[in-house]
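The following pair of complexes shares a single chain, subunit A, combined with subunit B in the former and subunit C in the latter.
Presenting the complex of A and B:
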């Protein structure tokens, strides 16, 4: 495939590319695409993949302590799904010409980000409920929108993920509902989890549209289909009723139905906290990355064994071929 | 003829944004020829915008007879399905 273009050719290619996007057609891996589009996608999809995998940590932490065998099975299945989702997304990123190794290295070096929510600890069993209901709930709002993203492999990955994800939110809500209907102490535990996870879950949608570094270009390229603020509003609107039904209170005194807008008004996010966590100084940032690095290093012997086996196989194949030639000569 | 020509499996993407789907197979001398044959045989009525051809011998397939050991665990894990969780009517669209 031709890789060097004149300025005029480039402009023509870009115009054709944008026309395709404007016509709601998907971009596929072998299509020509602007370098910026590719770069933007690699950043976003790999960040999404890292989030799935790092997200296994706060939940995995509770597998041995789940309150019943059934809840343990459910949590195991959920964490297993998250690992699978990471795989779908890494594979989609790899269709853009980057290797898995580069992506993991960027995560370890702190160059690549992941969802800031996973830098908050899961302190109680109710947190597992809150993570499923709120964190997965927020992720689903975002992912449903991304099913219409312009890059084909990403869009198809999202369809698959959304289908599997619906059980995650429901099992989380079910945990919260069970606690909220339990003893006063259990209900208080559920409320406490909601209190701690509500605001970080709103932060998952990123900065306000006006301050979002990548938003405008991503919308033009239809990598993103709805803005951060639109998605956040949708999430707030759906969550209010869900909290009411199980008798829990969303920790926002400014939360109020706005008849004219047809949406809930809500309070301002603590952006200092958002920036602090994004920039590596949340409660668990160092722990999360250190754990991932350790798991990666602990697994080095597996990669070494694979490499050793491959070289043994090719050595034997080489020897067998030489042997074959020799026996031909003797005949 | 099939003694000499390899078998290829053909996959077609019917529209941008959709997965390639298996449509059939054909014999060809090499991958390039398989691609051209696939165009002639499987896309005469604008069935597709992209074709993949894969050497049939390169496909590794699970066997239906292996079902028990391969897929069985899925059936006793109903909690993997969203419908397993009974929620109040008002929030059941979650």
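Presenting the complex of A and C:
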């Protein structure tokens, strides 16, 4: 494929690209795309992939302590799904020319981000409920919208991921419902988890549209189909009703139905906290990355062993083939 | 054996097999987010799920036989060390990846043969559980056997680690083939498996794999046993305090 273009050619290509986007055509890996589009996608998909993988940690932290065998199996299956989502997403970035190894390196160096909510600790069993209900709930709102994203492999990955995420959200909500209908102590545990995870879950949608660095361009390229604030509103509207059903209280005194808007009004996010946690000052930032680095380093000898075994095997196969040829020639 | 004695022996037997599966499943589940790469992380969790699922079937059957209101969770969450009757090899801490894979291979060869034998049990429920387990164990064994070759015939480091693991595990393998009066009685009744009959084939298969993986077969000059009598390594108590944390901190609640 030709890679060097004159300015005029480039403008023409970009115009044609935008026309395809405007016509709701999907962009596929071999299609020409602006460098910025590719970069923006890689950033977003990488962040999404790392979030799935780092998200295995807070939940994995409860697998060995799950309160019943049924809950343990469901949680194991869920965390396994998250890892699977990480795999599809890493594959999607590979179609854009960036390898999983490069992405992992960037994660370890602190260059690549993941959803900041995973820097909050999962301290009680109710937190597993809250993560499923709220964190997966927020993720679904975002991902449902991304099923229509303009990049084909990402959109198709989202369709599959959304199916599994809705099962995750239900299991989380079911944990919360069980606690909310349990003893006073269990209900308090559920409320405490909601209190701690509510605001961080709102932060998952990112800064307000006006302050979002990548939003406008992403919308134009239809990488994003709805803005941060639109998605956040949708999430608040659905969550308020879900909390009411199980009798838990969303920790926001400003939360109020607005008849005129047809939506709930809600309080302002503490953006200082958002920035503090993103910039490395959350409860678990250091442990999350350190955990990933340790598992990766501990596994280095295993990956080396596979490579050595495979190369011995192909050498032996090559030698056997050569031997076969020799004996044919002798005959 | 009288019918009621046979029923109680079958219940005990189901608990033993449940304990084996739960304790090993727990060790495997500890690999979640700690695997050497993502695909392997998922595979290990998958195998963990199979074993925990197997434990649930055995425990549920024990609870059904007990008919005293107990459930699968009663067995998993409310018994202490001395009441756990798993074979010791399953409870050993997960160690490095070589240790976990060597253990997995040794018990997979055993489990496949054991479950194939249990499939013909005169007890329909045990036979049905075994039938499902055989399919899983075939897949587990294919995986762990591949890992034995890759690690054994990989790099010097991987061979050394795997050799060390096999050496450390070897003394726990004779217990796999021992049996007591309870198991002997059930074997005679056509319900249980006489594990001693599986030994020769197990040794043959394991020796062949060790050779193919360029490993030395350990001398077999030590052995430890006691799991079926509730005598365990100290690691089991720590595992249970984690596994049973919620029931211990909040006794009797539903989650």
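The working rule: the second predicted complex is superposed on the first by the 315 of 331 C-alpha atoms of A that agree within 3 Å, B and C clash if a C-alpha of one lies under 4 Å from a C-alpha of the other, contacts with A are read in each partner's own complex, and residues count from 1 in each chain.
The rule is simple: a residue touches a chain if its C-beta (ideal position, glycine included) is under 8 Å from a C-beta of that chain, and two chains touch if they have at least 3 such contacts.
The shown structure was predicted, so the numbers you read here are calculated from the model rather than taken from an experiment.
S.K.: Check whether A:261 is in contact with subunit B, with subunit C, with both or with neither, and answer first, second, both or neither.
M.R.: A:261: touches no partner chain.
S.K.: Return first, second, both or neither, reflecting whether A:155 touches subunit B, subunit C, both chains, or no partner chain.
M.R.: First partner only, subunit B.
S.K.: Considering only the touch criterion stated at the top, classify A:301 as touching first (subunit B), second (subunit C), both, or neither.
M.R.: Only subunit C; A:301 stays clear of subunit B.
S.K.: Between subunit B (first) and subunit C (second), which, if any, makes contact with A:177: first, second, both or neither?
M.R.: Touch partner of A:177: subunit B, not subunit C.
S.K.: State whether A:73 touches subunit B only (first), subunit C only (second), both chains, or neither.
M.R.: Both partners, subunit B and subunit C.
S.K.: Looking at subunit A, does subunit B or subunit C touch a larger number of its residues?
M.R.: With both complexes superposed on chain A, more residues of subunit A are touched by C.
S.K.: So which bits of subunit A does subunit B touch that subunit C touches too?
M.R.: After superposing on chain A, subunit A residues 70, 73, 77 contact both subunit B and subunit C.
S.K.: Considering only the defined contacts, which subunit A positions touch subunit B in the complex?
M.R.: Subunit A residues touching subunit B: 25-28, 70, 73-74, 77, 81, 137, 152, 155-156, 166-167, 169-171, 173-174, 177, 241-242, 245-246.
S.K.: Mind listing the subunit B positions that touch subunit A in their complex?
M.R.: Going by the criterion above, the answer is residues 13, 16-19, 50, 77, 79-82, 84-88, 90-91, 94.
S.K.: Report the residues of subunit C in contact with subunit A in the complex, numbered from low to high.
M.R.: Interface residues on subunit C, with respect to subunit A: 22, 26, 29-30, 32-42, 45-46, 48-49, 52-53, 55-56, 59, 72-73, 76-77, 96-97, 149-151, 153-155, 157-158, 161, 242-243, 245-247, 250, 253-255.
S.K.: Write out the stretch or stretches of subunit A touching subunit C in their complex.
M.R.: These residues of subunit A touch subunit C: 53, 56-57, 60, 63-73, 76-77, 79-80, 83-84, 86-87, 90, 125, 175, 178-179, 182-183, 185-186, 291, 295, 298-306, 308-309, 312.
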